[in-house]
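My structure is below; once you've seen it, I'll send some questions.
A, B and C label the chains in the order they appear, each numbered from 1.
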Amino acid sequence: MKDHASIIPFRTERAIEADALNQNPAERLHLAEAVRMAEAIVFASAEPVSEKQLADRLPAGVDIAAAMADLQQIYARRGVNLVRVGDDWAFRTAGDLAFLMSRETVQQKKLSRAALEVLAIIAYHQPVTRAEIEDIRGVETSRGTLDTLMETEWVRMRGRRHTPGRPVTYGTTGRFLDHFSLEEIRDLPGLDELKGAGLLSARMPANFSVPLPPADPDELTEEEDPLTDIDLEELGLLTPRITDD
Amino acid sequence: MAQIEDAKAEKATPMDRLWAGGDEMRQTGDLELVVDVAGFEGPLDLLLHLARNQKVDLARISIQALAEQYLAFVEQVRAMRLELAADYLVMAAWLAFLKSKLLIPKQPGEEGESGEELAAILQFRLRRLEAMRDAAARLVNRNRLGRDVFQRGAPEMVIVEKRNEYSATLYDLLTAYASQRQRQAVTNVEIAKRNVWSLKQARDLLTRLVGSLDDWTELDRFLIEYLTKPEERRAALASSFAATLEMVREGYLEMRQHEAFAPLYLRGRQRDNKPVGAAQ
Amino acid sequence: MKDHASIIPFRTERAIEADALNQNPAERLHLAEAVRMAEAIVFASAEPVSEKQLADRLPAGVDIAAAMADLQQIYARRGVNLVRVGDDWAFRTAGDLAFLMSRETVQQKKLSRAALEVLAIIAYHQPVTRAEIEDIRGVETSRGTLDTLMETEWVRMRGRRHTPGRPVTYGTTGRFLDHFSLEEIRDLPGLDELKGAGLLSARMPANFSVPLPPADPDELTEEEDPLTDIDLEELGLLTPRITDD
């Protein structure tokens, strides 16, 4: 069953012929066999394998360095490469295929009612601060709701308002337009359209209005300052730079 | 007795009995057989062992001779007053029955299998068990993972990143917005209230504005530049007036009015005056 | 010194040339890249990888079967081979290098003779019920034996037989195949011969070779007297029963 005597050579006839010019065939076969053995040993090992460990297990007299150089060459353009880790040898996924080693799992989620409300207010009233959102909704907005909206990538921090406390202003993103199939933010229906669609009562108070979002939501208004790196650090969106002197 | 102990041992540590034990030659001498009965996996195993001792192909084995051997074995065990498990005795009885059937040719019209048929069934069972035993031996001698053949020793983990994907329709969005705004608009009393000056707000404002004034000044004039909407002005006047009265009482302000509905004049408290509600 | 390395290709040039005749170059390149990706994915995993998992991670439209056949051929004579385990794929050290690898052996749990016999019966007779296993072995199977086998994850409960009592049926798992270096159940050693000989049947098949009857079964030998019914009754053999002293 375990007929080790007949190890199948894996080199092509041509290769052996070519080699015969430099080495005698027996020697060449010997090295080729050692390469296969080293391949199996490195593959099966939980840790990178040192040349000493290989020497202990390969037949006596094998040129380990030559065998490993062979093996490295063999795997050079494969999906898996033989690499040096310190002085040891190990197989690793080829660098250009590293993306295969991470995978995203996507979970479909529905936005909560609160998140939808906040999102809509941000869309219509942008640039809008958290306090203003709360004002419009008449309830506090939980931190989680805004986080969720940021995670959707439909909402972004735009800048900071020129008012005491310099509150952060929120607005929508290009992804928001994409997701809701809007060409531009001003395509959001206005008061009359909402009434026409039956979403708003026809008898709203006279002073009730639906704001018209800015034509170009990417441009900061006069009341806004751009976000700086320092702002982002404060908001916990950038890890503070370690300044070493 | 040995068999029972063995059975217990197997239950306690099933791993400890080596499958390899089957390769050991069992003793065939009568005495050893008796002692070694615990080593058999039941009567069929014992029969197979006896059959192998006939040293012929199982297909050509004499079932009759086998039955006799088995019965002789059972007799010997009983003579030694050792107990045999019930299966062994059932098999003995069945073999004795088989032997008798083999001796008497099947009568026409007789029910059940003939002796030959029963012998064939026994032979089938022995060969099938032997085949499985050989198969097990072949299986176990294959290249086995973790013994002869190895998997990758340092597997590279796939990093799984979990990401949420949200979905909502424009309709969801608009419905949420419209109904939320409408809800707020209907319970709109708060919006009016928001424009009412609280006493404290009015007082803070007055303190800031009036504190340094020495001359009589109309109250309205302080407020008019702040208040553009008429409804705000009314509320602000009311709060300011209340605040003024309070501040006069505390002696920070002086106040006077010539007649009803005439303008109200205020000024900061004069040093020489006594802090009394002069205009009351 | 290391120039010999370049002449040990995974596949012969000739083989690639031959392939090129059948496919256009772009298609060929596409498959070659898919082969590299599949190689990286399967190589990275200690456990067999299913074709479904591969399909999920390779570019759409790749012929997985063709890619794996290619890869299997590429590795056919290397120290590490690509093996099929049921519908899954795995890299395993070459079987002929067992002599070299066995020193890595971790002490494996040894199965009892009974457990091994039961395992073989389950493998060859699956789906098989406990009663059928007991019939084949002529002895009761202890609960522990089946538990041990289930613990190894080589054996699983498959379902229930459509017979009275609806007994549970047992079968082997992918791990069983992997452990015993089998591609599929049909590769069990001697399976066809056993089937042909009728030795995998629950009952004696009609064509089972019946032992040669004596030349004249009706004739008693000289040492025999005919038995009468009275004899049989005396011997208690007409109705087999347990005699206890």
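In this text, a residue touches a chain if its C-beta (ideal position, glycine included) is under 8 Å from a C-beta of that chain, and two chains touch if they have at least 3 such contacts.
Just so we're on the same page, UniProt names per chain: A, C = SMC-Scp complex subunit ScpB.
What you are looking at is a predicted structure, and each value in this text was computed from that prediction instead of being measured.
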Contact-count maximum falls on chain pair B-C
Chain nearest the overall Cα centroid
B
Which chain's centre, taken as the mean of its Cα atoms, is farthest from the centre of chain B?
C
Using mean CA coordinates as chain centres, what's the chain A (SMC-Scp complex subunit ScpB)-chain B distance in Å?
28
Quick one: report the Å distance separating chain A (SMC-Scp complex subunit ScpB) from chain C (SMC-Scp complex subunit ScpB), using the average Cα coordinate of each chain.
42
Inter-centroid spacing, chain C (SMC-Scp complex subunit ScpB) versus chain B (mean Cα positions, whole Å):
32
Multi-partner residues in chain A (SMC-Scp complex subunit ScpB) (2 or more other chains touched) are 2, 40, 43-44, 91, 93, 100-101, 103
Show the residues in chain B shared as contacts by 2 or more other chains, in ascending order.
142-143, 148, 150-153, 156-158
Chain B-facing residues of chain C (SMC-Scp complex subunit ScpB), complex
43-47, 90-95, 98, 101-102, 104-106, 108-117, 119-121, 123-124, 136-140, 142, 144-145, 147-148, 178-182, 188-190, 194, 197-200, 204, 208-213, 217-218, 220, 224, 226-227, 231-232, 235-238, 240-245
Provide the residue numbers of chain B that touch chain C (SMC-Scp complex subunit ScpB) in the complex, in ascending order.
7, 10-11, 14-22, 41-45, 47, 59-61, 63, 78, 86-87, 89-91, 93-94, 96-97, 100, 103-105, 116-117, 119-121, 123-125, 127-129, 131-136, 138-140, 142-153, 155-158
Name, in rising order, each residue of chain A (SMC-Scp complex subunit ScpB) that touches chain C (SMC-Scp complex subunit ScpB) in their complex.
2-4, 6-12, 14-15, 18-19, 22-23, 28, 31-32, 35-41, 43-44, 57, 66, 69-70, 72-74, 78-80, 91, 93-94, 97, 100-101, 103
Flag every residue of chain B that touches chain A (SMC-Scp complex subunit ScpB) in the complex, lowest number first.
141-143, 148, 150-154, 156-170, 172-182, 184-185, 187-188, 190
